[in-house]
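What follows is a set of structures to go through.
In the two assemblies presented below, subunit A is common to both, partnered first by subunit B and then by subunit C.
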Partner chain A sequence: MATATQSQVVEPANIGWEQRKRKLLPYGYLSPTLLLLATLTVVPIVTVFLYSLFDNVIVNPNPPEFVGLENYIKALSHRKFRAALSNTMYFATASVVAHFVIGLSFALLLNSRLLAANVKALFRVIYILPWVFTASIIAILWRLLLNPHGVVNFVLLEVGLVPELLEWLSDRDLAIHAVTFINIWSGYPFYLVSFLAGLQGIPDDLYEAGHVDGANSWQLFRFITLPQLRPIIISLALLDFIWTLHQFTLVWMTTGGGSNSEVLSTYTYKAAFSSYEFSEASTLAMVILAMCTFFGIFYVRSQRMTDE
Partner chain B sequence: MKRYMFALLMILLLAFSAGIAASQDITLEFQQWWEPELPEGSFRAILDEFEAANPGIKVETISGPYLTTKDQIIASAATGTMADVVGLDGAWVNVLWKQGALASLTQAMADADYDDSELAAQIKLAGETYMIPIANFIYPVFVNLDMLAAAGIDPPSTRAEFAAAAEALTDPDNNVYGWAQPLSLEQPNGIQNDTMSWLWATGGSMLDDMGQPNLVGNEQLAETMAYIKSLHDAGVVAPGSFAMKENEKVEEFVNERVAMIINTLAHFTLIRERNPDLNFDITALPAAEGYDGPRGLPYASWGIGISANTEHTAEAWKLIDFLTSVEGNSKLTSIANAFPGNVNATPDFIQTDELFMTAFEIFQAGYLANEFTGLPAAEELMRRFDEPFQLYLEGDMELGDFLDEAQAEWEDIFS
Partner chain C sequence: MIGSRRQILVRKTLLWIALILGACFAGLPVLWMVSSSFKSNLKIFAYPPALIDESFSFEAYQAVLGDPGQLRFFFNSYLVAILVTICTVVTSIMAGYAFSRYDFRFKKILNLVIIGVQSVPPITLMIPYFGLIVWLKIYNTYTALVLTYMVFTLSYAIIMMTGYFNTLPRDLDEAVMIDGGGSFVTLWRILVPISLPGIVAVGVYTFMLAWNEFLFALTLTRTNDMRTVPIGIHLLMGQHSFEWNQMLALSVLGSLPVLILFLLFQRYFIAGMSAGSVKG
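Entry: the complex of A and B
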């Protein structure tokens, strides 16, 4: 009652202010998030972008010199950049495809009704193990396994699959494939968990209807399972591709980018913290950002389509 | 009552004056990676002695692992917030100097009227000192005596003897090799310690008189590289070189899968702990046949420098003066198992450990040689040499092409 009385005595001049305040209020609530976003994301990106347009940044006491797009032209035309880009694309594409195939296969196995619950639980733990380790632990583990005198060579030699010791991480023909394999091993559980959740969400009615229509197992998989998992597949593939594009620790700690296994992230790190060429490193970082943004747009679109 | 009031007043006055005295203390920030590598509390004890000898100066340590310290020092140099005193590696000095982040120690020494004749080495850039190595870890050849005895050979002294020994000790069927050469691109210090060291041991140099890259037309260097390739071609080098890191090389030696390695004295304790039964000795790096001059010894240092932004240069110098003094340097190098930065300092271990006595003899007979110290982007120089070197070792590149490419890469960095 008292509120009603007060609202009746509001001056007309204050009405505009009240409306403005009401409009501004949501922005007030958003301001902490916006401030955090600006501090943690926008400012660093803009700073790195500006560094990429200058020469002699950070480690040179002389004022930076504006060079425009010269750093981009220099970086993109360098043979080492092209080699790193090619390796990165192979590394990311092979990883995503293998993650998909292995993750989906294991998820289908674990979703099968043929296995007892306790067997499924055991395999869930085993399959998910690689996801438990950090990248540095994975790198150390596989360095030991793939050591010329390591377990892998021992087994392969004993079985007779290879004629001599293979230098998995230091042979120019093998290193990039070995690192990709390690990344596949460490990353498939993410797909497995996501696909398993997706499979468990597919209504049984659909499969029953398929059976009634006389569909075989392949047709059930092709026309029910895959379409039902489609939104998950697209999201996972795009996210995984973006994450793999800037995978650093695994490559750095296994080969250091040597033996023809240089990827963009290790190439950028070397430019920054080994050559101290921060302009070049900033340029490379912007190139990686552009690539990630390109795939990020597809991800956002796919998410929107899913929501709609 | 008045008496109590008086006593209270006196206590307050004392506390106040003590507070003023405390606030007049100068606190030096000292960032380094040494403290975590030394026995717990031992480095602090040395600094406590410094504080006791220099009332009014306190030292606050900022300690972390080597790589973290490196990144933090370079980042803080860029923002002008570097600690007053910093631990330095010769590989970073140039970039910090370029940034104008280091104070001239030549000036600090002149201001303190310091006699630098006791210093074993000073790292100079443009004629002025910016880093003083206070603890040195030399890299002799570690040999497995039992394996050598089984093969009936003595520790090698020349390149030919080394090649013959490596061949005799190699037994691929049992995964045993004569030598290990780590060439990982992640840690390319194998180029410094396990590659260029062969050149320095024969009095050679990778730089010309002006300190510029001299890889092309350098006969000694070409011979050295060809010699190393001959070891690889002979199959006496442990497989996996191109991805091998220093710690893995040591592990191969500890586990008796490799008979000889070039290694830092800093690993003495580690090797003994990992394999107490390992019967090993050290010897100077083999020189080319016919060379009888002093042998250059590769080394790594714990260097020290002062920030250009410090407001306490005189106090910072006092700390360096203490750590490079005969007494301070002896104590530090004793706990670090390192050779001193002061020529008159004598670490304890030299008298108590036979292996260190041998090392000290090698140290005294040769000279410290690490041409990467103070060079621009030293680690990147090693890496860019490493890349074509691996191709050469694999037979995918000719010696001339490899040295041409390395020279071009180095000139790019120097320019």
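Entry: the complex of A and C
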């Protein structure tokens, strides 16, 4: 190891100092990171946790009062919380599944041997396009397209798929599906890029061996491609699920959480910055953190497995 | 296994149909946004809709580029994104070096924490954050935005840098150390220059994240002269009675930097992703 090689060349008298320096050096290199994470991640999380245990926090004339887990019981049993939770789970699950299917399909298309390199390069750029837009731009873009007088309604009406002009983003039955669709559109390129990298890493001899054994293309996909991509699929799906659980901007700027499309993050934001119920909002924030941490643990484990 | 010419032709045709359908799904919405940005505001929802109509002009772009207030959004976005990128790259190189080349007591735990930070929801930090930033006396400053964005860019950057350094042979830095170079020299003179592809990948990704951030840019800035492009677009939605063509022109202009970066560096980027966090 590096430690052994290094101490051999150090003068005997300096060994103590050199060893101590070597022990402290990594912390030195890590100090900016640790300082930043301590002040801007650990401190806020601890604070928000404390807020969630008290009543009357932040803007309130009354002094804060310790109420234990009462905020949690109140928040979790609220009808609106349940609605937001079920919307969030639908939003996240549907997004992850669709991201995976679309991302993998496009990656396989782009990986086909029947296409010339420049064709692949062109389509790769087109397919990744939704990724370069930030959430607020994606929101504008789809508000333009899904406007009742917009082009989507026009096409659907002409083809005869819908009977009338639909209010995609303000209809109580449609809004959450429309937002989910928008999120699917904007998020699949992350999978596509990772799958493209992953597919390039699969050795050709595996497929050649498969051919020799007489496997057809479906079997090659099922028994070589999918298992080889498995580690990428697991980390991507977990990370994406976590990110979608706390997706805020897209929902906020398309429906604002109205029309039955409230998700946990918009519900929390409203509790804090519209109703100034900071105890309730902190409690909700802790609930979201707990959910994300739960899936985060699996993500961290999947990462460590790929590291080893 | 190769099959007849006919079979290949059928497969090729199907492949092209799928390719084009996919391109419509990904590209048509974008094409519509770009074409609408050249229409007059009255024609945005004209019936029947046309990709390009007689109102085609650069008016909306002139309006955006001629407005010092909106140009300021771009200046702010560039400044913040570039500062975040520089700080993130330097910090993650140092942290990645420590994780890749040293063994120390809390290495495992710290590594887990840094991976775990990726799953911390911004909305959870949001509520106490405002008070904290005011207390640090950096409310409505570039410093607040730069430091905050680093919380969300660093963990990914460190994972990518550590992964990249791990692919470089240790003999290399040991040789330099034996020649009397310290660890600092080894890092900056030897490892950094040969890690350029990884560093570029980290930088491009960081720039994209910083350029696109919305929630904190909205909450941590108060005055319009501190606001970034995504917030500028949000403000346009509220202010004028929906100047669609201007919002779209601002959106197109606001997406160009990321698009150009991506086009220039996509190879590095895809390579960086496979060497970094999501590796197979």
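Everything below uses one rule, namely that the second predicted complex is superposed on the first by the 274 of 308 C-alpha atoms of A that agree within 3 Å, B and C clash if a C-alpha of one lies under 4 Å from a C-alpha of the other, contacts with A are read in each partner's own complex, and residues count from 1 in each chain.
To be clear about the criterion, a contact is a pair of C-beta atoms (placed from the backbone, for glycine too) under 8 Å apart; a residue touches a chain by one contact, two chains touch by 3 or more.
Keep in mind that this is a model prediction, so the values were computed, not measured.
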item: Touched partner set for A:Ala135, first subunit B, second subunit C, both or neither; value: second
item: Partner chain in contact with A:Gly103 - subunit B first, subunit C second, else both or neither; value: neither
item: Touched partner set for A:Thr254, first subunit B, second subunit C, both or neither; value: first
item: Partner chain in contact with A:Ser170 - subunit B first, subunit C second, else both or neither; value: first
item: Which superposed partner A:Ser275 touches (first subunit B, second subunit C, both, neither); value: first
item: Which superposed partner A:Leu145 touches (first subunit B, second subunit C, both, neither); value: second
item: Which superposed partner A:Ile58 touches (first subunit B, second subunit C, both, neither); value: both
item: First (subunit B), second (subunit C), both or neither touched by A:Gly187; value: neither
item: Comparing the two partners subunit B and subunit C, which touches a greater set of residues in subunit A; value: C
item: Subunit B/subunit C common contact set on subunit A; value: 58, 147, 149, 253
item: Residue ranges of subunit C touching subunit A (in the complex, touch as defined); value: 1, 8, 11-12, 15, 18-19, 22-23, 25-27, 29-30, 32-33, 36, 44-45, 47-49, 91-92, 94-95, 97-99, 101-104, 107, 110, 112-129, 131-132, 147-148, 150-151, 154, 158-159, 170, 173-174, 177-178, 183, 208, 211-212, 214-215, 229-231, 233-234, 237, 244, 247-248, 251, 254-255, 258-259, 262-263, 266, 269-271, 273-274, 277-280
item: Touching residues on subunit A, where the partner in the complex is subunit B; value: 58-61, 143, 147-149, 165, 167, 169-172, 175, 252-259, 270, 273-276
item: Touching residues on subunit B, where the partner in the complex is subunit A; value: 71, 74, 77-78, 95, 98-100, 175, 183-188, 238-244, 248, 257, 377, 379-380, 383, 386-387, 390, 394, 396, 413
item: In the complex, subunit A residues that touch subunit C; value: 1-3, 5-6, 9, 22-23, 25-27, 29-30, 32-34, 36-37, 39-41, 43-45, 47-48, 51, 58, 105-106, 109, 112, 114-115, 123-137, 140-142, 144-145, 147, 149-151, 154, 185, 193-194, 196-198, 200-202, 211, 228-229, 231-232, 235-236, 239, 242, 245-246, 248-249, 253, 265, 268-269, 272, 278, 281-282, 285-286, 288-289, 292-293, 295-297, 299-300, 303-304, 306
